[in-house]
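Below: one structure, written as structure tokens.
A, B, C and D are the chain letters, set down in written order, and residue numbers restart from 1 in every chain.
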Amino acid sequence: MKKIGVLTSGGDSPGMNAAIRSVVRKAIYHDLEVYGIYNGYQGLMDGNIKQLDLGSVGDIIQRGGTVLHTARCEEFKTDEGQNKGIEQLKRIGIEGLVVIGGDGSFRGAEKLTQKGYPCIGVPGTIDNDIPGTDFTIGFDTALNTVIEAIDKVRDTATSHERTYVVEVMGRHAGDIALWAGLADGAESILIPEQPTDFNDVIERLKRGQERGKKHSIIIVAEGVGSGFEFGKRIEEATNMDTRVTILGHVQRGGSPTANDRVLASRLGAHAVDLLLEGKSGRMVGIQNNKLVDHDILEILDQRHEIDLDMYKLSQELSI
Amino acid sequence: MKKIGVLTSGGDSPGMNAAIRSVVRKAIYHDLEVYGIYNGYQGLMDGNIKQLDLGSVGDIIQRGGTVLHTARCEEFKTDEGQNKGIEQLKRIGIEGLVVIGGDGSFRGAEKLTQKGYPCIGVPGTIDNDIPGTDFTIGFDTALNTVIEAIDKVRDTATSHERTYVVEVMGRHAGDIALWAGLADGAESILIPEQPTDFNDVIERLKRGQERGKKHSIIIVAEGVGSGFEFGKRIEEATNMDTRVTILGHVQRGGSPTANDRVLASRLGAHAVDLLLEGKSGRMVGIQNNKLVDHDILEILDQRHEIDLDMYKLSQELSI
Amino acid sequence: MKKIGVLTSGGDSPGMNAAIRSVVRKAIYHDLEVYGIYNGYQGLMDGNIKQLDLGSVGDIIQRGGTVLHTARCEEFKTDEGQNKGIEQLKRIGIEGLVVIGGDGSFRGAEKLTQKGYPCIGVPGTIDNDIPGTDFTIGFDTALNTVIEAIDKVRDTATSHERTYVVEVMGRHAGDIALWAGLADGAESILIPEQPTDFNDVIERLKRGQERGKKHSIIIVAEGVGSGFEFGKRIEEATNMDTRVTILGHVQRGGSPTANDRVLASRLGAHAVDLLLEGKSGRMVGIQNNKLVDHDILEILDQRHEIDLDMYKLSQELSI
Amino acid sequence: MKKIGVLTSGGDSPGMNAAIRSVVRKAIYHDLEVYGIYNGYQGLMDGNIKQLDLGSVGDIIQRGGTVLHTARCEEFKTDEGQNKGIEQLKRIGIEGLVVIGGDGSFRGAEKLTQKGYPCIGVPGTIDNDIPGTDFTIGFDTALNTVIEAIDKVRDTATSHERTYVVEVMGRHAGDIALWAGLADGAESILIPEQPTDFNDVIERLKRGQERGKKHSIIIVAEGVGSGFEFGKRIEEATNMDTRVTILGHVQRGGSPTANDRVLASRLGAHAVDLLLEGKSGRMVGIQNNKLVDHDILEILDQRHEIDLDMYKLSQELSI
């Protein structure tokens, strides 16, 4: 293998730039030529491709977002779209690809692999919802963004009983909500993986109130419902003044944390190593603190599981 | 004067602790005894009052919120309530008060002054909506909280045209929205002091889109309307994907900025100086970079004005 | 077991408060009485001990430092000192202890265990130098403090060739230096676990310079030598303008990261569980993402190992 | 005037990018062509000049450093060097210049003005040491960087009496030290504008110690001497454990604060207005909260004054 490509696809996450940098530098370290494919699979089909050198990835390790941009691309789901992309790879002579993104991105990687272009997937999403890896690139940063916001909410004066509802990202996965709730001592954490026991939420609020607690924090993963709706219901049920924060895309940005940068650097380099070893159709990950790789098809068949011990702990600590 | 009191009242703001600290230390510097009144005017009526020494205000200069807490208090608006408060002042021998808060708080201070208990008001609110001072304690911190959030929104990948609507605090005053918009290069800034020209918002968005701009940011002061409503209307009018962030009470917390701490320290100390000079019924402030003081009654009669030159500049720079 | 105690000892680290909170709440969850011992072993001997309830640990999860304070204590290394401490435990009826700190603290815990007072150690130190756990409480926060500082250094204009030397904590362990270097793309990382190849440092700097690189960052763990000394030697050897940053105790503070708070919450609760199971003389830890516990004596006999794969990766990526 | 140029020169400061953006956008708003001159006066002589459009300054308002880079340039101090620069201006047809930087940069601007190329200076430096403006671009950001570092130092456990010495930037101006000291409640603040009373430093430390104060913070502007030297002397004189932090160039970077961005936006736009009004050889500034402009020659003749009232206040509050 002499020439490889790298692209980012799907929703961006903090640390993607650190992963790109690692892929580029590790490739150059092994005397490979490395090409950046801009705008994900759309750019692959359009031939929006440039060779990258050490300088191209200078001063990006600390930046949120992705210098390669991403794009949604319906066309690449078709055979025709994939062949267009392969034309571009042929034109330049790119023999393998590193695809940084979520499960949608990995489907494309799997298709290219089947058509003779070995791909390695690198899990990048703030949701931490990809099986086969304990952590995804961006999760740690999003989590810290959430807790910094909640810390500020905590500061505001303990003037009269007040409940704060914070809606965080997570359509199908409650990891951000669960970790943030544990890290910030939330009274209740509502996640899609667990049935929502609204009575328990109210119970805990009332218990806190009786104990003289001035403020309570409820964290709601967006997959469970609207923060505003919960705010209204809580206000009706408790008569406490209730305020709502919807962080939205604030959670997708920010300079990546040390952990996300290190994880991204390790996973990106590992992906290059696998390509050099002749592997294909694999997703790299970190499990039990070790670098691993899995068949992408198996990953796509599995479901990410939330840590129920941590959920239980969060309930025990928020008595 | 031998004994003075200090209380915080109304909504809390970052820097109130620095102001308390300054009042206490400046008072002790001048050999006064100084008493902390907890929970605002409610605590005054209840006699929730403790003497403060240098150690009581140790390690609070950097904390959000207020160690004296605040509370709403309807009863203190009545003659009877005020007399209850005065009973407590008499009991301890407190001869003058520093009241840190917004205009509601200053009304109470004015009443006490009229009844023979000289008060000095210190403007503390994130909204920057108090006349007689160019800046209020907490405004700079809230502003930086807002721009840090918007910076993160900016990071997220320039994947496809997307519009971000950020709703910020400001029921009657657009200062947070205006300054944050200028500091973050927002496309449009909607503030209560100016008519909302929705067509202009849409015009600017379309112009940016044509120029190839990937994302646009609209800042809406809560007094103008709901961020969600604007988000929906923009999506309908432009067909662009639109995402909404509601920062809510996140804006009220956080460690105060250097500016807020310095401002709070200066205003708190100045308030003590005025009490010692025998003044009463005054609010301290900073105008044209100088410490000033005004009659509280005059302040209550005026309206804070937004800086229209800055508003014009924000429009010129967001072409 | 009906009554347990908790203390922090040795150098403080961010997340200790989250650990204390978790111990207290988990204990109360299990209907135990829990006592806070102030100022470490010194406070134990002095009987500086107070019962803690849910409110005592309110609003501390996000604070750096430790609300229980710490102190050095030579006397507790003696039999006499230990017996004094045991007198106090007897007086109150405390039957078991959770000791949060580093290896010095664990020696005391071991002694108490031998004398019939079961102790569980919780690893809290920013250095990440304790065997038997992949991460210690505080390491992640210190790391992020370091990279935020280096990120700022990176920002300063690429005006002329300049080398920045950043000295970070780590007398015997290079973990902070290594992780920060990898997370920030440092040119060279000098750690106590590896021989310092000064020629290689100079080589890399010159190679970067030839490639047109404007600035280079060298990270030095304090155990390797003084940042100032290295700065001087580099300036002499390369003729490049060299600037030095010594972060010092800045690395010991700050609000703990999400990771440190979650780790602290899990380890603190696990320690209580072990006491309830009748275990003693154990240190809890996290290894391969699972909660574990080890005999303290074994821990004290081992040495923490640095991750050499990560060190190698850092060198490959900084070509 | 149809074409103007903009350059940054001297040490960079956070907010310079916001100033560049404002110059570019305000110029385009007035239908001017605007050219970016890279690497300061060196780039001017070398013809390192590119036209800038709205897109060129997209997503830079929040970045530290300067996208136009800066460089020292001895040659431009000579008549010959200046003529080389003018050749380049002629070649492109640039009729006026905005020069963002410190006093060294303004000397060059003055020379160009005298030779028929009107220049307007914009004060950008973290030191806040330029007369004719109450604040320089970058000062507020540097200040907040310093206090965030000191806040972390404060967190570390109050284990035994300890003194922290923090050396901050300021060779000739003590503004950073003074404001940071006031904002962080430092025990002593050593600045070049005031004689260093070492006995007073020791006095205050001992007084704090007697009062039971656990930690004390001494801020030293680099112009007064080395933080390490002071640390040693304090340790000798008090026998307290003393730790030193040297922030160095960390203070020059970071995302600019809201204040610095707003100030930069206002000053940059004002400079363009002045060029359009036919003014030359002026420096813009903010005084008493109003936009002003002064003759550059007068500015170069004056000295920045520190605010002695604030210095006095810092001493009164650190009793």
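FYI, contacts are C-beta pairs under 8 Å (C-beta built on N, C-alpha and C of every residue); 3 or more make two chains touch, one makes a residue touch a chain.
The chain list, named the UniProt way, goes like this: A, B, C, D = ATP-dependent 6-phosphofructokinase.
Note that the coordinates shown come from a computational prediction; the quantities given were computed from them, not determined experimentally.
Between chain A and chain B, which partner chains are common?
Touches both chain A and chain B: nothing.
Would you mind checking the shortest number of contact hops between chain A and chain D?
When the steps are counted carefully, the minimum from chain A to chain D is 2.
Please tell me whether the contact surfaces of chain C and chain D are same or different in residue numbering, using the over-half criterion.
Chain C vs chain D: same; shared/all numbers exceeds half.
Counting only Cα atoms for the centres, state how far chain A is from chain C in Å.
The answer is 27 Å.
Roughly how far is chain C from chain D, going centre to centre by Cα mean, in whole Å?
36
Roughly how far is chain B from chain C, centre to centre by C-alpha average, rounded to an integer in Å?
Chain centroid spacing, chain B to chain C, equals 38 Å.
Which residue numbers or ranges of chain D touch two or more of the other chains?
In chain D, the residues touching two or more other chains are 151, 154.
Where do chains touch, given as pairs?
Once each pair is checked, the touching ones are A-B, A-C, B-D, C-D.
Which part of chain D faces chain C closely enough to touch in the complex?
Touching chain C: residues 8, 11-12, 14, 39-40, 63-66, 69-72, 145, 149, 151-160, 164, 228, 243-254 of chain D.
Per the contact definition, I'd like the list of chain D residues that touch chain B in the complex.
Checking each residue of chain D against chain B gives 18, 21-22, 25-26, 28-29, 54-55, 58-59, 61-62, 134, 140, 143-144, 146-148, 151, 154, 179-180, 182-185, 211-213, 255, 257-259, 261-262, 265-266, 269, 287-290, 310, 313, 316-319.
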